[in-house]
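Just so it is clear, A, B and C label the chains in written order, and each chain counts residues from 1 on its own.
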Amino acid sequence: MPEKLSQKLLRVLRSFPAALSSSAGKPGAAIPGGPFGGTNVRRTFVKNLRLTLTRLTAARDVFETASEGNPRSIGLWVGAVLVTFVLLAPLGINDYHQSFLLQVFMVIALAQAWNLISGMTGYVSFGHAAFFGVGAYAGALFLTWGFPWWLAVIKGAGIAALLAVPLGFLTLRLRGPYFAIAMLGLNEVGRVVATLWVDVTRGGTGLTLSPKLLPSLDVKYFTMFALALGATLLVAWVHRSRFGLELRAIREDEEAAEMVGVNTTLNKVIAFVLSAVIPGAVGAVYVMYTSYINPASAFEHARNIEMIVVVLFGGSGTVWGPIIGAGTVMILRELLWAQFPAAHLAALGVLLLVVVLYLPGGLISILRDRQQKRPDARPGESP
Amino acid sequence: MIEPVCGPDHILCAWGLTREFGGVQALRGVDLHVVRGTITGLIGPNGSGKTTLFQVISGMDRGATGTISFDRESILGWRPSEIYRRGLARTFQLSRVFPELTVLENLVVAGHRRDRGAAERALGLLERVHLREYAAVLGKNLSYGQQKLVEFLRVLMSDPALILLDEPAAGVNPTLRKTLWDMVRHLNGLGTTFLVIEHNMEVIADLCSDVYVLSDGEIIAQGDFASIRNNERVLEAYFGKSRKHGAA
Amino acid sequence: MELLEPDILLQLLIGGLLAGMLYALLACGLNLVFGVMRVINLAHAELMLVGAFGAYVLFTIFGLHPLVSLLLIVPVLFIAGYYLQSVLIERVVERPMLTSLLATYGLSIILINVGLLLFSADFKSVPVLQGSFLIGELTVSKPRVTAGVISLLLTVGVYLFLERSHLGKAIRAVSEHAQVAAICGIDVRKIRMLTFGMAAAMAGAAGVMLSVIYSFWPGSGIDFIQKCFAIIIIGGMGNFLGALYGGILLGVVEAFVGGFASTQWAEAVAYLLLVTVLLIRPTGLKGVARA
């Protein structure tokens, strides 16, 4: 029965791109959205559309080759719709909303990165924002030293990755809670280093970036989106790959995994470094968005909290969990307490408690259970 | 104790393995040689160090001194995953199936990384023990006996030359037990060597051509089962010294 | 170098000892909970701040002297901790340690941000005790002496309770082996609630003492919890006396680093120690970090 429904859906969705491309030659015809004044705008819009469709088709091919069942296909098409919306959005919405979306992308990217090391490999980190902070400072510095913004982002990510290698080897020797605490400590160490290394970071005063160096909001928007998309695709790929299988085996029983030939150290460190590169890049882009960085904002504790709660709430170890979690949390934040960050964080704390006590698998586990009709997971599972 | 010198017939040779845990000597200079193609037994009273020996040989315990050579290569100090890749596999006393992975995933992860046919082989193995329909079941949803069976199959995925079995049939019902031992015999016929820890003497008598007896961290006897069971030191280890006066 | 004058060194030492006694009181409470329940209470420092803000509120509204507030806050926090245990912590005790870590993390976030909503991020303090004692050539600040001595007395008091009293022995039995203790007829659940209550009370007392010497805001807890971790990991997880000595040691080291380098470096000591010990020597000095 489920198959028929999704096949129906697929037929409907498949017709969409065809409809859009046929009307693409007729500017202004049957295209929903706001007013488009002038032919130039229409031509750009059409170009964007064609680009979108190519990307969508490519993405679909990538997924379909590995796709197994119906939920995946539906997920894919939902993803395609979202991607379209995101790419088209800057044309129709104002700066405030665009900034909001940018922040959503940021949270998604960070969440997926955390998901990689914590959800999939089982090494729950309480201080991953440390890499964000490193990337932010590195990006800011490279920018002030004259590098083009995109190179500064790459270098920021690179520095974060470079640090992650030795730190990974050291911290990943620790078991569960101690790893978490060590990462928490590392975040604070990052903050302290940023405060004390005044020559480079200007300490507590922070670094201000001159607007001349910064790219436009649109550029930052798309870059952050690319990071969010990239992170998600990375998690999706890992999920299906041999590497991901080995990571999950490590999460389940590290010793037994080692005993059946999984090189646990190498796998863990690779996952750790991958999970550091993304926050590094995100941090660099973020600093270009705020044009100011200081130790408190770079190594902000709230970021750690968001990474953790968003993923656990959505469903850790899954591909869509972090996206659903990020979307929900950000929308709630916007609706309820955009003006009261403290209330938002308190709500996150409550959410964390609820998830830990009652819903360890996150929102996704509700969907899964309904689908597979198997007995609920034991409440004793740790995330 | 006179031990045969390690030769080309031996797939595993261990010399002078010593392991101390904060004052307690778990292994005292253990010498052990397993002949290629045999099913060798390792018996001994509880606490004699059998599992510790397995931990050391398989690389999980890196704190021992001595020599271990597997297939003419010294493996002391290697990490467990390397030893496994080299062809020496080991099962656990208590089932350690990955609970949140499916049975198929449990098997595939133990296969070679680049093996495209791993899933097929896994399904084939499951077929042999009539567990094919459980391929998509999560490890934690299997019965204990099924878990032990899957764990056994898991180590077969890399086609090991030597398998260390740690009480493979413990806690398993007689039917599954028979399936297990039949597989062991079958694989042995195809050339796989086994070193088995067992408490069931019937199995040892039936299956093993060579038996080592470990007591208090030392090898106290070695030979075929018939000579072992009448060995005075062995009887002493299991049943205690008989005293002339008073109870032991 | 004038810093090496014995007077100055002694001054630093005493200052460090006194601060360390406060740390010890806090760390011992956290350690106690860990020992009995294998739970790392990330909200422990926030419980301390509850005590500190409590003293602040009682002082600004009712003009209560903090030492009087102490007599109120300690029992209140004990009861609060007792029930918090049964409502929240009991549910995660049997689960993997990571689960309880996340739960207490959530609790700490709630407490911090409720605190921010109530009191804003401004620094508060209770500047009641002023001045200093003059002992020979040394000036020792009055509030620090009061805070330090009271903290020490409380810590030693708890220690004696654990060693000598019947209930204390029961607590120690549970921390050694809960299952065996249960078989011996000890109500393990009650013991856990009692222990958590005690730890909360200790944290609250530390908070009141804190309010007298430092200024604080709802986010101050993060620094303190790191100090506690550093202390416990160095002193040995579950080892009460280890935490006591570790706390005092940290206080002294911080004082000397602060004297010879800067206060900012002093603040960094705990983090650096923690991270170094965890990363370079994962077994801690007597601990179970890799258990």
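Note that a contact is a pair of C-beta atoms (placed from the backbone, for glycine too) under 8 Å apart; a residue touches a chain by one contact, two chains touch by 3 or more.
Model, not experiment: these values are computed from the prediction.
Peer 1: Mind having a look at which chain is the central one, using mean CA positions?
Peer 2: Closest to the centre of all protein C-alpha atoms: chain A.
Peer 1: In terms of C-beta pairs in contact, which of A-B and A-C ranks higher?
Peer 2: Top pair by contacting C-beta pairs is A-C.
Peer 1: Would you kindly tell me how far, in whole Å, the mean C-alpha position of chain C lies from that of chain B?
Peer 2: Chain B and chain C have C-alpha centres separated by 49 Å.
Peer 1: Which whole number of Å gives the spacing of the CA centres of chain A and chain B?
Peer 2: 45
Peer 1: Nearest whole angstrom, what separates the Cα centre of chain A from the Cα centre of chain C?
Peer 2: Taking the mean C-alpha position of each chain, the two centres sit 37 Å apart.
Peer 1: Can you list the residues on chain B that touch chain A in the complex?
Peer 2: On the chain B side, the touching residues are 58, 60, 79-82, 84-85, 89-90, 92, 96, 98-101, 105, 108-110, 112-113, 140-141, 154-155, 157-158.
Peer 1: So in the complex, which bits of chain C are touching chain A?
Peer 2: It comes out as residues 40, 88, 91-92, 94-99, 101-103, 105-114, 116-117, 219, 222-223, 226, 229, 264-265, 267-268, 271-272, 274-275, 278-280, 282, 289-291.
Peer 1: Show me the residue ranges of chain A that touch chain C in the complex, using the header's touch definition.
Peer 2: Answer in residue numbers: 124, 126, 170-171, 173-178, 180-182, 184-186, 188-189, 192, 195-196, 301, 305, 308, 312, 340, 342-343, 345-346, 348-353, 356-357, 360, 380, 382-383.
Peer 1: Which stretch or stretches of chain A touch chain B in the complex?
Peer 2: 242, 245-246, 248-249, 251-253, 255-265, 374, 378, 381
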